[in-house]
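Common to both upcoming complexes is chain A, partnered first by chain B, then by chain C.
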Partner chain A sequence: MLMWTLKGLVAAPLQLLASVGAIAGAFSLILFFQAVFAGESDQIVAYIEKSDADVWVMQKGVSNMHMASSFISDWKAQKIETVDGVSKVTPILYLNTVMVAGERHWFSFIVGLNKGDSRAGPWEMAAGQALPGPSEAVVPAVLARLANLKTGDQVSIADRDFRIVGLSENTFSMANSITFIAMDDLSDIMSTFGSFSYLLVDAEPGVDPIALAARLQSDVEKINALTRAEFTNNDWKIAMQMGLEVVSIMTIIGGGLALLLIAFTAYNHVGQRERELAMMKAMGVRNRSIYASIMFQIGVITTLAFLAAILIVVVAIPLTAWLVPQITLRLTLDALFQVGTAAFIVSLLAAIVPVRKLVNVDPVTAFQA
Partner chain B sequence: MLDLVLKQLRYNSFRSLLTVLAIAAVIAEILILEGFLAGLYKQLQSAVLNRNADVIVSQTGISNFLASRSILPQLTRRDVEDVEGVKEAHPLTALSVIYSQGGRSMPIIIFVHDAIGGPTEIIAGGPVVSDRGIVIDQGLSRKFGLKPGDNITISDFDFKISGVSSRSAAFFTPFAFIVYDDLIDFYLESDVADDIATFPLLSFLLVDVEEGADPQAVAARIEKTVDVADAFLPDQLARNDEDMGRELMGPILGLLIVVSYGTGALVVGMFMFATIRARLPSLGVMRALGFKPRTLGAAVVLEAGLLTIFALPIGILLSLGLANIIHDLSPIYLILPVEPTAVVRTAIVCLALASIGALAPVRMIARLDPAVVFRS
Partner chain C sequence: MSNPILQASNLVKVFGAGDAQVRAVDGVSLEVARGELVVIMGPSGSGKTTLVSMCGALLRSTAGQVIIDSVDITKLNEAQLSELRALKIGFVFQAFNLLEVLSVEDNVLFPARLAPGGMRAARQRADALLERLNLTHRRSALPATLSGGEKQRVSIARALINQPQLIFADEPTGNLDSRRGQEVLMILHDVARDQGCAVVLVSHDPHAQEVADRILWLEDGVIRDRKSEKHSWVKDPVCGMRIDEWAEAPFTEYLGKRYLFCSDRCLERFQVEPDRYAEVPL
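Our next item is the complex of A and B:
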């Protein structure tokens, strides 16, 4: 029976290949969507993770950075500096706006850095300096490449021109491109004086960030203090929640497509071997064994398609990074598990079609021919 | 030949149905993605156009309505109203906040409006009439189970939902609408601002021009007279936001559409290949009866075309149904699957792919030995 099953699988190799390829296409579409959202969600928290502060302090009622605005008075930064266990407080200003670079409009998060302090600045440079002075900007190297700009060229933020003095690495993604300018410049643009957006707090060696965050929260009024892990998690969650519905929709559409494809493949497979199956029934092979054989074949096709889909996406990730550098993709174990589960369910559902056909196969037809 | 092809399709109607359904599913999937992109751009445009102004005034250097922070000095309103041709300048303030409930969060944009600029389509309840009233987008309402009469707490400030609006979301972000009477209370009582001076009291001015005045000329006069402001026709501002959306989302959705077309190519090609290949014996009989390979090839391509033509309306209906389901489940997404360009492009691509898929086994037909049919 096993030999018959295996022979059945490879009887038409070209057809098998086409089936596996098409089903893999449907699965890779789902994986691709998941990879896009996971990659973007990672990039959204890149600044928080890379700036490596132990505790983030923001306005009360605010608990994330992406799509949020926070204002915290400068005297609170001074007060926090005196709290036991605090080694350094680095304030930043933060604004999401549209920047003009190379005559194109780019949505960008603008971070205003304190004069002479690169603590909250870019963590990896491709060219130039990391700390912008007055009317200077550090822009992502990818953005510079896409906008055909280099150091010394100009970008415009809210009608103010900034000279590019540095190109940073790993600071660009579709939803989170980060530009650094001097805090005074950003204060002017935002018409905000005497306040910051966020405070990056470094703890003294040996101080527990969780305890420090709690202490800051109780010692300073109307603030929210979160450890880096909590803050990262909040932003990552909101990004994933925003993308979750789109991913779910595409998973259902891609899954539905895969279901049709597998059902068609199985139906085709059984249809082509109807006489053989009738013969087997006539020879006394039990229905259960034939069902198991068909299920096994569908399982093998689905598994091969799933593996091919992973391969397609693994190859597509570096290819996409090269062709479309503004997109970040990441394949996660969660995504593999979800698509794997969907594949399993889909293959079970798809088996209904050939099994129904099998039930109707009359053993007598084997002798009528 | 058409008769022959139709008979072939009817001969194994279940297989034909499956093939039509699969091609329809591919068409629907591509149309949904194309519609998603079209809907995204439409929402960005509507966010501006639905404010119903003749001219929109923003902070100088801010040429976008969404995704930018515009702050105008309070006196700008008076300066703008002094400009010739301006009938009235209505204030509008935009605030980005995060709404959280039960461990789930969602960014929202609150528009604080005066006589114009509020929600354009209220589908439940009514406009804000009482203190602390708020109209929320149906996306927010659906996601968190909020309805008119309920309280909604934003930054520790309690609003009472007076209405639910539709078509009031863009950039995956639902809008909410409050009136100016509540803005100061909101700033003072909520946690939204540590210091009220840091938050905008005026973001944009929505200008009504006098009857007979040319909005473009009025906008030019505002630009010239009011130093701190830029003036745009709503169409221009809407285009700017759409361009920003294209810049931001275009590459990623474009890539996903390319992947969908790739997947579609594989699927449609494979279906046609398998369908034709399964009929090789009968095609062999036809060859034995004297049909030329070219005729059989043409019949096969015609069959592929017919299947795609049958699949096209089903695919369109499927995409419309899916778009409605998606919009019902999550109204912040607007999907416009029947944009003519996208439908024509998808139809052409699917027809081409089906023909290519069908042509692949034609070579087998050409090499088919008619004697095999009789031997078997």
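Our next item is the complex of A and C:
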């Protein structure tokens, strides 16, 4: 039976190719959207990850950075510096706002950096300087390219003009971008003199960040201290939650499309081979063997389609990054597992229709001329 | 009949219900012995395929009993019927019904996977069958490249691969020219004679009578044995069709002579102008 099934599949290579291609298209659609959201979520937490601080300190009640605001007094920063195990404290100011660049509006995280301290600044530069001075800004290189700007050009943040002095790498995504300006400028915009948004705390060598975070929390009142891993995870979750519905809808659409295509392919196969199946039943092949053959056929098509989808996405990701640099994509093992599971469920569901047709194949019809 | 492989008693098959009810087979009883080739003939729609389907464990009867090799198949479930068909019955179809994507050899071997005994022994049997049916040189060919006669020989080899005790062949010569048809009939005849296999052959082919041990005539769902009963052929005086004098055909007497007709219409035409038709020599 299995040989008949396999030979039946390869006997019509164009049909097989079309079926696998169409189903792979549906699967790759899901994988692609998962990759977009994973990539974009990566970008949302990229700043936290790349800052490399052992512990992040923020206002009590705040536990993330994306779309959040936090205020922490400067005396608390000074107190934290004295806590055992703390090597260095780097304060930043932070604002979610819209930046006008090249006559377009860009949603941006504005990070205010301490004068002369690039500790919390951009981690990779494409051009110019990493540390902005007064009325200067370091903007993402991708944003500058999209807005047709270069160093020396102007951008506007909260009605104040800033001259671009540096272009940073890996600080742009569809959801946000990161712009660095001087802390005094941002403090002026936010009218928050004497306070910071977040404190980046470096631990002394050999100090456990988890223990340090707990100590900070107990020693300094009304703050929240989180290890970098916890803080990253919180922002990641928020980012994924924001995209969850869209990803779910795309998964349902892609899965539904795949379901229809697989069911149609298998149904078509049963329809084309109805007389042969009737003859098999007449010869004594049991229904369960024929069901197994259909499941095997669907399994082969689904597996081929899934592998083809991975191949498509693996090729599409760098191609998309090259063609559309503002999109960040990342194919995760989780996404592969989810789509693989969805493919398995879809293939089981898709078997219902052809199996129902198969049940109705009457072996007596083998006698029809 | 001693030791019949197939016994059917009072088989009835009713399709539909109410006014649309049709008794396709109506109280048929028959026995077929091992090594016997029985031909079932009859007009289209007479119930031949329905009868063969019931005897071949493909269709459940409305009433009656079918015993194959001492097993009452009317009491078996679907899985048991499948097993019985796989082990004890071979089918030869008018449309050949070969698996298009498999080679001749794989088609012949296909049923062997349903039976115990292993594939090595089955391959040896397949080799012997292919040689006997002059198909050895075509063993790797796909069905699409075969002639009609070759396809039917492959179909016969496939039916024989599990060494069944009973073979049902439904119009096996229906898609073949006269020469190829006769060749197929002779193969089936040899199968019955040499292997002791009972062959039930449904056919319209007059040549089938030449190889038959018995001919059964089925009409309106009722069967009778034509060789064992007295019969003679006469011509319908109106249309000239050959009619069995023994059959329950419309008839009339004219000038002391009995005339048989194929239908009531011919009878009516005769009655309008008896002198015109009575002259037709019988």
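Operating definition for what follows: the second predicted complex is superposed on the first by the 369 of 369 C-alpha atoms of A that agree within 3 Å, B and C clash if a C-alpha of one lies under 4 Å from a C-alpha of the other, contacts with A are read in each partner's own complex, and residues count from 1 in each chain.
The rule is simple: a contact is a pair of C-beta atoms (placed from the backbone, for glycine too) under 8 Å apart; a residue touches a chain by one contact, two chains touch by 3 or more.
Small disclaimer: the values here were computed from a predicted structure and weren't measured.
Novice: Record, for the superposition on chain A, whether partners chain B and chain C clash or fit.
Specialist: fit
Novice: Can A:Ala282 be said to touch chain B (first), chain C (second), both, or neither?
Specialist: The answer is second: A:Ala282 touches chain C but not chain B.
Novice: Would you check which partner chain A:Val324 touches, where first means chain B only, second means chain C only, and both and neither mean what they say?
Specialist: It touches chain B, and chain C stays clear.
Novice: Touch test for A:Leu348: chain B only (first), chain C only (second), both, or neither?
Specialist: After superposition on chain A, A:Leu348 lies in contact with neither partner.
Novice: Touching A:Ala11, do we find chain B (first), chain C (second), both, or neither?
Specialist: second
Novice: Under the stated touch criterion, which partner chain does A:Thr97 make contact with: chain B (first), chain C (second), both, or neither?
Specialist: first
Novice: I'd like to know which partner A:Pro363 touches here: chain B for first, chain C for second, both or neither.
Specialist: second
Novice: Please indicate which partner A:Ile210 is in contact with in the superposed arrangement: first for chain B, second for chain C, both, or neither.
Specialist: A:Ile210 sits against neither chain B nor chain C.
Novice: By residue count, is chain A touched more by chain B or by chain C?
Specialist: B
Novice: After superposing the two complexes, find the smallest distance in angstrom between C-alpha atoms of chain B and C-alpha atoms of chain C.
Specialist: Checking C-alpha atoms only, chain B sits 10 Å from chain C at its nearest point.
Novice: Touching chain B and also chain C: which chain A residues?
Specialist: No residue sits in both footprints.
Novice: Mind listing the chain A positions that touch chain B in their complex?
Specialist: It is residues 12, 15, 18-19, 21-22, 24-26, 28-29, 32-33, 36, 40, 59-64, 66-69, 71-73, 76, 95-98, 104-107, 156-160, 174-175, 190-192, 194-195, 222, 234, 237-238, 241-242, 245-246, 249, 253-254, 256-257, 260-261, 263-265, 267-268, 271-272, 316, 320, 324, 326-327 of chain A that touch chain B.
Novice: Please give the residue numbers of chain B that touch chain A in the complex, ascending.
Specialist: My answer: residues 12, 14-15, 18-19, 21-22, 25-26, 28-29, 32, 36, 59-64, 67-69, 71, 96-98, 100, 104-107, 155-156, 172-173, 190-195, 198-199, 230, 240, 243-244, 247-249, 251-252, 255-256, 259-260, 262-264, 266-267, 269-271, 273-274, 277-278, 322, 326, 329-330, 333.
Novice: Applying the document's contact rule, which stretches of chain A touch chain C when the two form their complex?
Specialist: Residues of chain A touching chain C: 1, 3-4, 7-8, 11, 275-276, 278-279, 281-287, 363-364, 366-369.
Novice: Which of the residues in chain C come into contact with chain A in the complex?
Specialist: 49, 52-53, 56, 58-59, 78-79, 82-87, 89, 91, 93-95, 97, 99-102, 106, 110-111, 113-114, 158, 170-171, 174-175
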